[in-house]
Amino acid sequence: MKREIPLFLTAVIGAVMILGFFVPHPWVSVPTDFLQQSAVIVVAFGYVLGGANVLRVNLEGIAKRDRDWPYRVVLIAGMLVTMAVGFFVDGPRFQAPGTPSIWIYNNLFATMNATLYALLAFFIASAAFRAFRIRTLEAGLLAAAALIVMLGRVPLGDFLLRPLTDHAGLPEWLRTTPLGAIQDWVMNVPQNAAKRAILIGAAMGVMATGLRVILGIERTYLGGGD
Amino acid sequence: MNLSALESLDRRWIFLGMALLVAGPLLFPVGLPLEVSKPTQEYYDAIAAVPDGSPVLVACDYDPGNRPEMVPMTKTTLRQLFDKHCKPIVLCLWNGGPGLVDQTLEEVADEYRARGVDLVSGRDYENLGFKSGNEAVMVLMGQGITNAFPRDQRDRETRTLPVMKGIRDYSSFPLLVSVSGGYPGTKEWVQQVNSRFHLPMVSAATAVSAPDYYPYLQSGQLRGMLGGMAGAAEYEKLMHEKGPATRGMDAQSLAHFFVAACILLGNAVQWSRGKRGRA
Amino acid sequence: MLTHASSSTRRGLLAFGIALALAAAAPVRAAVAPPDTIAAPRAPTGLVFADIANDAGRAMDLSWTLSPDDTTGSRTVTGYLILRGPTPGGPWAVVDSVPAGTRSRRDEGVHHDSTYFYRVEAVGPGGRTLAGAAAGPAIPRAAWFNSTRGSVFAFMALFFLLVLYYMYMAQSGRKPFVRRLAGIDAIEEAIGRATEMGRPVLYVPGITDIDDMQTVAGLVILESVARMTARYETPIRVPVAYPIPFTIAQEMVRSGHLSAGRPDTYDSNSVTFVSPQQFAYVAAITGIILRDRPAAHLYMGAFFAESLLLAETGFSTGAIQVAATANVPQLPFFVVACDYTLIGEELFAASAYLSGEARLVGGLKGADMLKVAIVLVVLTGCVLETFGIHGLTRWMQTQ
Amino acid sequence: MNVSHDLGTWVAAFLTLCILSFVYKDNPFYKFAEYLFVGVSAGYFIVLNYWTVIYSNLLDPLRTAFGGHVEGGPFRIEQGDYRALLVIPGLLGVLLFTRLSRRTAWVSRWALAVIIGVYAGLKTTGFAQGDLVAQVQASLQPLWVPGHLWTSVNAIVFTVGLLTSLLYFFYSREHKGGLGLATRVGVLFLMVSFGAAYGYTVMSRVSLLIGRFQFLFSDWLHLIR
């Protein structure tokens, strides 16, 4: 019961969804549309559940007085205030300009989200210095392509090269944007060929997984227990 | 030069170098000349080819984490659409994005209103807002845009909005613009909508995902593409704007040279150590 | 949008209201010319309908020839009304109104496999003129197969059959040959090295939840890795980002110990739940790397921007690093900083190989055969295209 | 210096600096900001998903359905108007919360099964059409275009790169002999593509830092326009 019914549901629903791709008739398309609408709704509940989990994990941390418990208090305060404002102060129009929710969104959420990603600029430079080893032909090619793309995609590279390349006898691309043109070629020919191979391979991987899920072979998502 | 001293270099010196090279050109811009690349030109041309006044679906799938790349692209795209009296129908499938997307849309609309152009939300443009469910939302919209989005960002009933009159499903749009920060984004729109519903599309993508989308560009599944801040800056040039992407390109240039130098120097250090080791 | 009879009447009334509004507005617009000089427009002609192929029978395309009075600058015609009825004799309901100069419309308010008749009417300030005969019977057919997707069906069916065939073969004892990936040797070597140095193994199953197949593959590989570490009695550390993969990871490590015959050595603290928050997760892992100094780092699963931080921190400690991910943008950072990297789908191949499960191996073999088919299709197609034969290319064009 | 007078901008600038301080080293300011971020985003996601999905796609239509204002007719389901049927996804959504207790967690599998089934189907067909068939189709190109030497060379290089890279992911035979040679060529193409990805990732990351500095210099300190 605990496993069979979910497996059966997944199999039937997965098969109907695939059928719905090929069969436009309402007898198939109406159930698939309903399933999609249902998925949208259940996924939204999933986010609420995720929030409830965050709350639980951190309350446990505070109760146990673990190392970071004062920070966890900050976390829970931030969460509860955001929710209180969103549910009781603002309501369904919480995203309208000028609401307290939008203030929190702009000055807290958006700011920190953007800055966390900006940190990566620093780390990418230090990783380039400390963890980019050209030990093989393959790594050498990788490095060469990386350098061409990095220097060819911004104006400075060609700007610096122009005094060297701007001679009347040379072809147009070499005269104006030598690095840019090589960059274009790398992107459109060799990198594109390999990317397409990866894309096709990945597509087969996803299809195989889909088949396994529908056949009930792949059941890791059911989690542990009986 | 004795490279071995660099071996134990504290990485914070590298961080400092990066910070200075980015901050410097922002405070003292040079304005290096830009060349427009082919994918950017195609992106511009694809939007220019849309019949004036038609509704255009603009999927803004990003959050503030990608703001510096995505927002300039979104703004310039909206300007090109508003200039053609097109009606952008905007939506967002990223949890963190709807607030940012809404403000970006309103800021551009305000620019036009300040110039005396009468733009009204719900009549001349529309923000459908957020919906969870990624691919399921995309396919659901094929059955009816308002079925997936019964109420919009401002909690209005979408069926009753003037801008939605005559919009039923994807066949109501001549073009889909996917401004994409990752998953879900351009790739999923290509798979679920471009192929399935035959809706032509262009992509404004972060630099991270741009190489992944080149195969779609070659196959014609994408009609054009902006790749990262460089693409955004080129697009601004085509639209005769001097926007944030253009202003960032000097810093971008220097930082790229810095990273390139880090790769070369890091390996030079290793090689010199390797030689000493063998000797 | 609604198709029920009463609603289409309602819709008709709505459209009629629009038409009236058009007519009411007309005198104002025609103020330059005296109203009495404008005659009723002549009727549009040649109304034809066409069912849309490969759809659910939800729409009908209509087109007509404009009224002879509908010319640029003329104000005789302000628009057209489209009427629909169940019989050639009506009753008629207005289903749509379009401005002058429009030659076609798609009626999206029909129900599949029902019979309809259409008429089109010219509207102007001088009156309304109905086109002569009704067009019909128009039946919007709901298709049972979208024929433009034939090639997708062919490829999918071929793939599924191949996979099922090899799964069947594998289960009936004739396990197909699958080569051992170099990456698997690299994993074993790394674990061996950690054992020699008496230091733990760090295993990171990616940063996504269980709905990502990469996480699943990472957890499958974890079982084999745990079996090896249990056999060598080397401690393993597994930080996990999400609650469900966390419980599964615990189970995988336990069953790894079990199948190595060492259930007693299972340490329930070896798997830890950290946080789905990207940077918090990274901070926890780098903490383990710097504090516990594992001698082998295995990153197997979905990684995003944090790949670079993990690879760099790991590199700086001199540990052996093996990575595997199908998130292509992150591969370069692993390739340059790790001793071995499994590229893209090799992650799934490794999980199939290591688990040795017949059905996974069968799936791998099936995918291999489709690759051969694709290589042949591409070669054939390129040759055909070179000689100007476009049939294959056209067949594969889908909608 | 003419700095901003807006409280929000100061809060945002303070948090920006808290997080940027991580590059010096992990510190209480960074930790404060990080935990606050997790809390605020968890709260925000709940509010967002409640109002934009649970309220507008589920509760509001259900209220209409049970409020007696039923319009439309027997075909409204075909138009995507499910009304009372929406009780089913609503129930499944609620079932997810059985996960909060270990003993009842198995009930949530029913909801999970529906989601997994839907996405397995959608992804399988999406990848099959958009990636597999469409990409193979686009690879069928003439290898020799008379009079266009460069186009022809590129087409040949592209096709060789595609096929050899594809063969790199071939597991049924040892990579020896002809296949071995092909896969060695394939891996070179793969490496070029990774190099390109590296370069573009650098561009992305630098852009994000530029964006943050633009905020600090213009919105907060008003140093630049």
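Think of it as A, B, C and D in the order they're written, each chain with its own count starting at 1.
Rule of thumb we're sticking to: contacts are C-beta pairs under 8 Å (C-beta built on N, C-alpha and C of every residue); 3 or more make two chains touch, one makes a residue touch a chain.
Quantities reported herein were computed from a predicted structural model and do not represent experimental measurements.
Asker: Among the other chains, which touch chain A and chain C together?
Answerer: Output, common partners of chain A and chain C: B, D.
Asker: Which two chains meet at the most C-beta pairs?
Answerer: Chain pair with the maximum contact count: A-D.
Asker: Can you work out the whole-Å distance between the CA centroids of chain A and chain B?
Answerer: The answer is 14 Å.
Asker: Distance from the CA centroid of chain B to that of chain C, rounded to the nearest Å?
Answerer: The computed centroid separation for chain B versus chain C comes out at 20 Å.
Asker: For chain C versus chain D, what separation do you get between their C-alpha means, in angstrom?
Answerer: About 12 Å, centre to centre.
Asker: Which chain C residues touch at least two other chains?
Answerer: Within chain C, the residues that touch at least two other chains are 1, 56, 58, 149, 152, 156, 159, 211, 243, 275, 279, 305, 328-329, 332-333, 335-336, 343-345, 371, 374, 398.
Asker: What positions in chain D touch 2 or more of the other chains?
Answerer: Residues 23, 34, 37-38, 41, 44-45, 48-49, 51-53, 55-57, 78-80, 99, 115-116, 118-119, 122-125, 127-129, 131-132, 134-137, 139, 159, 162-163, 166, 168-169, 190-191, 193-203, 205-206, 208-209, 211-212 of chain D each touch two or more of the other chains.
Asker: So which bits of chain A are touching at least two other chains?
Answerer: 18, 21, 26, 29, 33, 36-37, 39-40, 43-44, 46-47, 50, 53, 92, 105-106, 109, 111, 113-114, 116-117, 119-122, 124, 126, 128, 130, 132-134, 138-139, 142-143, 146-147, 150, 153-154, 187-188, 191-192, 195-196, 198-202, 204, 206-207, 209, 211, 221, 223
Asker: Can you name the residues of chain A that touch chain C in the complex?
Answerer: Going by the criterion above, the answer is residues 18, 21-27, 29, 50, 53, 57, 116-117, 119-120, 123-124, 126-127, 130-134, 138-139, 142-143, 146, 195, 198, 200-202, 204-209, 211-212, 217-218, 220-221, 223-224.
Asker: What part of chain D is in contact with chain A in the complex they form?
Answerer: Spelled out, the residues of chain D in touch with chain A are 8-9, 11-12, 15-16, 19-20, 22-23, 31-58, 77-78, 80, 82, 85-86, 88-90, 92-94, 96-97, 99-100, 105-106, 109-125, 127-129, 131-132, 135-136, 139, 154, 157-163, 165-166, 168-169, 186-203, 205-206, 208-209, 211-212, 215.
Asker: Spell out the residues on chain D that touch chain C in their complex, using ranges where they run on.
Answerer: The touching residues are 26, 34, 37-38, 71-76, 78-79, 99, 115-116, 119, 124-125, 128-129, 132-134, 136-137, 139-144, 155, 159, 162-163, 166-175, 190-191, 194-195, 197-198, 200-201, 205.
Asker: If we count contacts the way the header does, which residues on chain D are in touch with chain B in the complex?
Answerer: Result: residues 23-24, 41, 44-45, 48-49, 51-53, 55-57, 60-61, 79-81, 118-119, 122-123, 126-127, 129-131, 134-135, 137-138, 193, 196-197, 199-204, 206-214, 217, 223-224 of chain D touch chain B.
Asker: Please output the residues of chain B touching chain A within their complex, sorted ascending.
Answerer: By the definition above, chain B touches chain A via 9, 11, 14-15, 17-19, 22, 32-35, 37-38, 63-68, 95-96, 98-100, 102-103, 106, 129, 131-134, 136-137, 139-140, 143, 147-148, 151, 153-155, 196, 211-212, 214-215, 218, 227-228, 230, 249-250, 252-260, 262-263, 265-267, 270.
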